[in-house]
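Quick heads-up: structures coming right below.
Each of the next two complexes has chain A plus one other chain: chain B in the first, chain C in the second.
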Partner chain A sequence: MRLALYREMTLNSLRTSLAFRSEVILFLFGQLLRLFVQVYIWRALFANSTELSSQSGMITLSEMITYSVVSTAISVFATNDVIFRVSRKVSSGEIAMDLIKPMSFRSVLFCQTLGVNVYRILFELLPLMMVSLILFGVHLPTLANGLAFLGLVVGGLILNFLITYAIGLIAFWYILVWQVNTVLDGLIRLLSGAFIPIWFFSDTLVKLSYFFPFRLIYYEPIAVFLGKTTGWANLLGLFAQQLAWIVGLLLLQRWMWGRAVRRLVVQGG
Partner chain B sequence: MALIEVEYLRKEFKRQKRKDGFWPLMKSLVHREYEIKTAVENISFTIDRGEVVGYIGPNGAGKSTTIKMMVGILVPTSGIVRVNGLVPYENRIENARRIGAVFGQKSQLWWDTPVIESLRLTKYMYDIPNDRYERNMKLFNDVLDLDEFKKVAVRSLSLGQRMRADLCAALLHDPDIVYLDEPTIGLDVVVKERIRQFIREINRERGTTVILTTHDMADIEKLCSRVMVVDHGKLMYDGNLETLKNDFGNMEKMEVDTDEPFAMSEELRRMGVAFGLTEENRTQLTYDKNSINSTVIIKWIMERYSVRDFIVKETEIEQIIRDLYIHLQQQGTPVSAREEALI
Partner chain C sequence: MRFLKLYARFIPIYFKSKTEHGFGFYMDFVGFALNHVVSYFVIWALMSRFQTINGWNMYEVMLMYTLNMLTFGIAAVFFFFQMTDVEEDVHMGTFDSLLVKPINPFVHMIIRAFGHFFLGDIVIAVGMLVFCFHKLGLSLDFGSAIAFIAVLLGGVLVQAAFIVISGSACFWLVRSRSLMNMVLFGIRDLMDYPVSIYGTVLRGVLTFVIPYAFVNFYPAQLILNRNDDALFASWLPYATPAVGLLLFAIGYRVWNAGLNRYQGTGS
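After this line comes the complex of A and B, so read on.
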């Protein structure tokens, strides 16, 4: 293992983010605005009732508000620019400079993404959560569910990276990655439960969501957070699903990479 | 065993044909037509440990393409590259550990990171032991003079500064081989000289094998013991610099200052002397030194004019290569068939 190298690469990316510190206040304002909109939509939908029936039993308004807050929290670091990075590197030929280094291209990207994520957790997620806790009452999970939630979020993060990396690799064949990205965004928005929990979905949509890994990034961890999923068997089941997707994506990437490298034409020079 | 073995190496690029006009364009959306461009064609050579090889040729000759295949970032269409007994693109990471590379047009350093931080990352990248890192840094710092810009982010370096930083990064881990693709492009004379000195030292003291492409013939003259010339993807010449000079550097130039203006003479012309630029009383003459001796010419002139001064210039390497390229164009593919002319 080359932990020292990965640590240094991640720290370097974190330092770069710090040097380019984006406007934290502006970000916070934007995210809070979005949260407010969601909270008011849910208030309106609940109207006078305190509970709505769903696929996983009765849901209260305050649970929905918690759902929105946690979903926003996950979205802070489950958005990355890996697709964009890969396609830019491939089309500009900059990828050559990564390939002359004794390190896998994926590790380079992963460390860079991780560094940015750490930055975002410190400077975007923490302030956002503090303000949210004050403005909106948030349900806190039990210890067991809290820990499982954290584990699932980490798994979701890895899953998210692998999905975006696999899509980024398409750039070796087509430079139309932006269009693919738009489709992906739509799919995630719909099928991950980032905005509307899967428990309000119709039966067909629920079935459809099982064909994609996205629900394991947003919906399932949040359901654990809210205590809708409990019991060792169920929790382990979620981890197993994440693991299966991760292994599947790794295999897919190995296959793609083997092909991609063969057809790589390094532009310029 | 040779350090680098290249056998019948070939690289073809598929290029999409561009269509003009509406219908051809529409058709190309459905059915794409490609044309094949052979960038490297059946090149074979071997390079031994410790050699400094200049790899030269006109623009678009296939130099960078060959280097990319040797480095392992481009997969050959056919043929073999073996470096240290390994096939670079199949063992990319293993190969990358033992080589250094500088591509003049791109930087391998982290764009947004200060130079010194970038170099420190290199240390982790290649697992360089602490003491070796310190020792090399100190040495390279002296020669490349990194101090003045080591805290600056790579993106804000000047071209020459970036090149020095890149060279340092490529050599910190004491690679067996270093590939330099136009390492002196766009640099001022002082920096160029410094970089040449650095490369020479590395080669002499560590026995590092150097493969270098350049359009600056002074690089070749000052660094390389061996030259390989490619054109249109084919290896046209492979040998040492002296032989090249003897084969193609047979034209000599003489400048004569006389009291009275010099008149062209049929007799001299018949002796094989050509008249070059003439301004007032200074005359340039060129001739093949293998067929006529400069003393014969000067004697002929002194018998007829009073000579104030004269100099004999051996052909510069620049001129030799120019002659060679022109020679290749006439012997090889006709100029109009070249892709570059079409685009």
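After this line comes the complex of A and C, so read on.
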């Protein structure tokens, strides 16, 4: 019964996405462009050397190109508009409609995001991967690494959803959330390893990156994908870190939500 | 002259309507600017590990980023929100109000809004420009100052032309926001690093077809006196002001063609 509700919510959001096909072509083009830039930057940085030393041993150019491709693939899912959905709903009063739905506000948003992501797999990820496989040689992981990678990506995406949702809730207090979003995007760009892998960081930056959950969304899964992080102890450690952040964020949200709903005053409607 | 007088009337009204939001208004300056601060950190993180990219060092790369940001900021103050407003008007069917006024719609479009958002960018860009000049040991005498201003204006015109052209697409497509974003925040990102890192085809496209290389790469070559990595022809950096004027003229033609095409969306 409940499950059917969630399924409908997800499918609905999938159908809405299907209506904006031209936007998606542009988005896809944008992603490809960014990937191209990254590949060219790494080619230029490697110049004539075949491999460079890093915090995780020697790195070859083709490993770096694979890194960029996988990072782009993750970013297809990690760029969501949860923050703006929440703030739009709060500022327009639409949130009242969500509050009377027989499911939690967070589940509504989660299903909607899931629906968009199903769509993205079909129309963004698959084309992107096909182009990348043709144009750039991409390393494939061993089966074990690949499975661990998938698990970490799922964990990372849940983490990403919870982070954006928590920041979206700030809209109850401060409506110009896009500025907070800029800060978040900046931190992710710098400290998640989405562009520069943490293994090329200086020691201070590496330390700094441990204070934020962002490395668990991009860098750590990709390092597993490339076989730079192996061994049960290390992998379990990563999953444990993800879990700890997820639990922490859930607690934070319960606290924020309790205060937010009490503040909410919807005008008219 | 008449336009300046009108501008002096329009802008205070615009600011009055914006400052009503109080605190949020002042935060506008911070929001965009933060993005750039992060970009400098990214360049720093990357270049402190690798030292050079295609023979350009950290401060030279930062200078290029700054030129891109500065020329875009200046152009965006006068064109960016103005063009997104036009798109919104065309979409809502309220664009006719611009056509019935006794001013050239292009001028009216420019003077009815002001991109205060981008003033923060410009402040940071000027600060970083001074910083990079200092770190690179550059100084301007009278002649080079004139040349610097000329290439900067050329860059501003190129940026303005791209805003006008991509924004004018709304006359054909009704919605042009995603196209604008693609051109102004997607393709323009290609210029964050020296254009010489790309293959010949992309270099050619960025020089002759979508001449974004003239907003920072060629001006930087001129400012830094780099003769060793000239692309295509060694005189190209000097062509920046001419390219800017030409492209802006094309932008104006596209806008006019769009106006002729505009038929309203009903209502």
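In the analysis below, the second predicted complex is superposed on the first by the 260 of 269 C-alpha atoms of A that agree within 3 Å, B and C clash if a C-alpha of one lies under 4 Å from a C-alpha of the other, contacts with A are read in each partner's own complex, and residues count from 1 in each chain.
Convention: a residue touches a chain if its C-beta (ideal position, glycine included) is under 8 Å from a C-beta of that chain, and two chains touch if they have at least 3 such contacts.
None of the values given here were measured: they were computed from a predicted structure.
S.K.: Looking at the overlay on chain A, is there a clash between chain B and chain C, or do the two fit?
M.R.: They fit: once the shared chain is superposed, the two partners occupy separate space.
S.K.: Figure out whether A:Gly93 sits in contact with chain B (first) or chain C (second), or with both, or with neither.
M.R.: first
S.K.: Could you tell me the angle at the CA centre of chain A between the CA centres of chain B and chain C, given to the nearest 10 degrees?
M.R.: 90
S.K.: Of the partners chain B and chain C, which touch A:Pro102 in the superposed model: first, second, both, neither?
M.R.: In the superposed model, A:Pro102 contacts chain B only, not chain C.
S.K.: Once the shared chain is lined up, is A:Thr204 touching chain B (first), chain C (second), both, or neither of them?
M.R.: neither
S.K.: Report for A:Met9: first if it touches chain B alone, second if chain C alone, otherwise both or neither.
M.R.: So A:Met9 only meets chain B here.
S.K.: Once chain A of both complexes is superposed, is A:Ala44 in touch with chain B (first), chain C (second), both, or neither?
M.R.: second
S.K.: Rounded to the nearest angstrom, what is the minimum C-alpha distance from chain B to chain C in the superposition?
M.R.: Across the overlay, chain B reaches chain C at a minimum of 6 Å between C-alpha atoms.
S.K.: Which chain A residues come up in both lists, the one for chain B and the one for chain C?
M.R.: none
S.K.: Provide the residue numbers of chain A that touch chain B in the complex, in ascending order.
M.R.: Contacts found on chain A: 2, 4-5, 8-9, 12, 15-16, 19-20, 93-94, 96-97, 99-104, 261-262, 264-266, 268-269.
S.K.: Could you list, by residue number, the parts of chain B that touch chain A in their complex?
M.R.: Against chain A, chain B makes touches at 13, 64, 68, 71-75, 89, 92-94, 96-97, 99, 101, 103, 105-108, 110, 112-113, 117, 120-121, 124-127, 181.
S.K.: Going by the contact rule set out above, which residues of chain A touch chain C in the complex?
M.R.: These residues of chain A touch chain C: 22-23, 26-27, 29-30, 33-34, 37, 40-41, 43-45, 47, 175-176, 178-179, 182-183, 185-187, 189-190, 195-196, 200-202, 205.
S.K.: Which part of chain C faces chain A closely enough to touch in the complex?
M.R.: Against chain A, the touching part of chain C is residues 24, 27, 30-32, 34-35, 37-38, 41-42, 45-46, 48-50, 53-54, 178-179, 181-182, 186-187, 189-190, 192-193, 197-199, 202.
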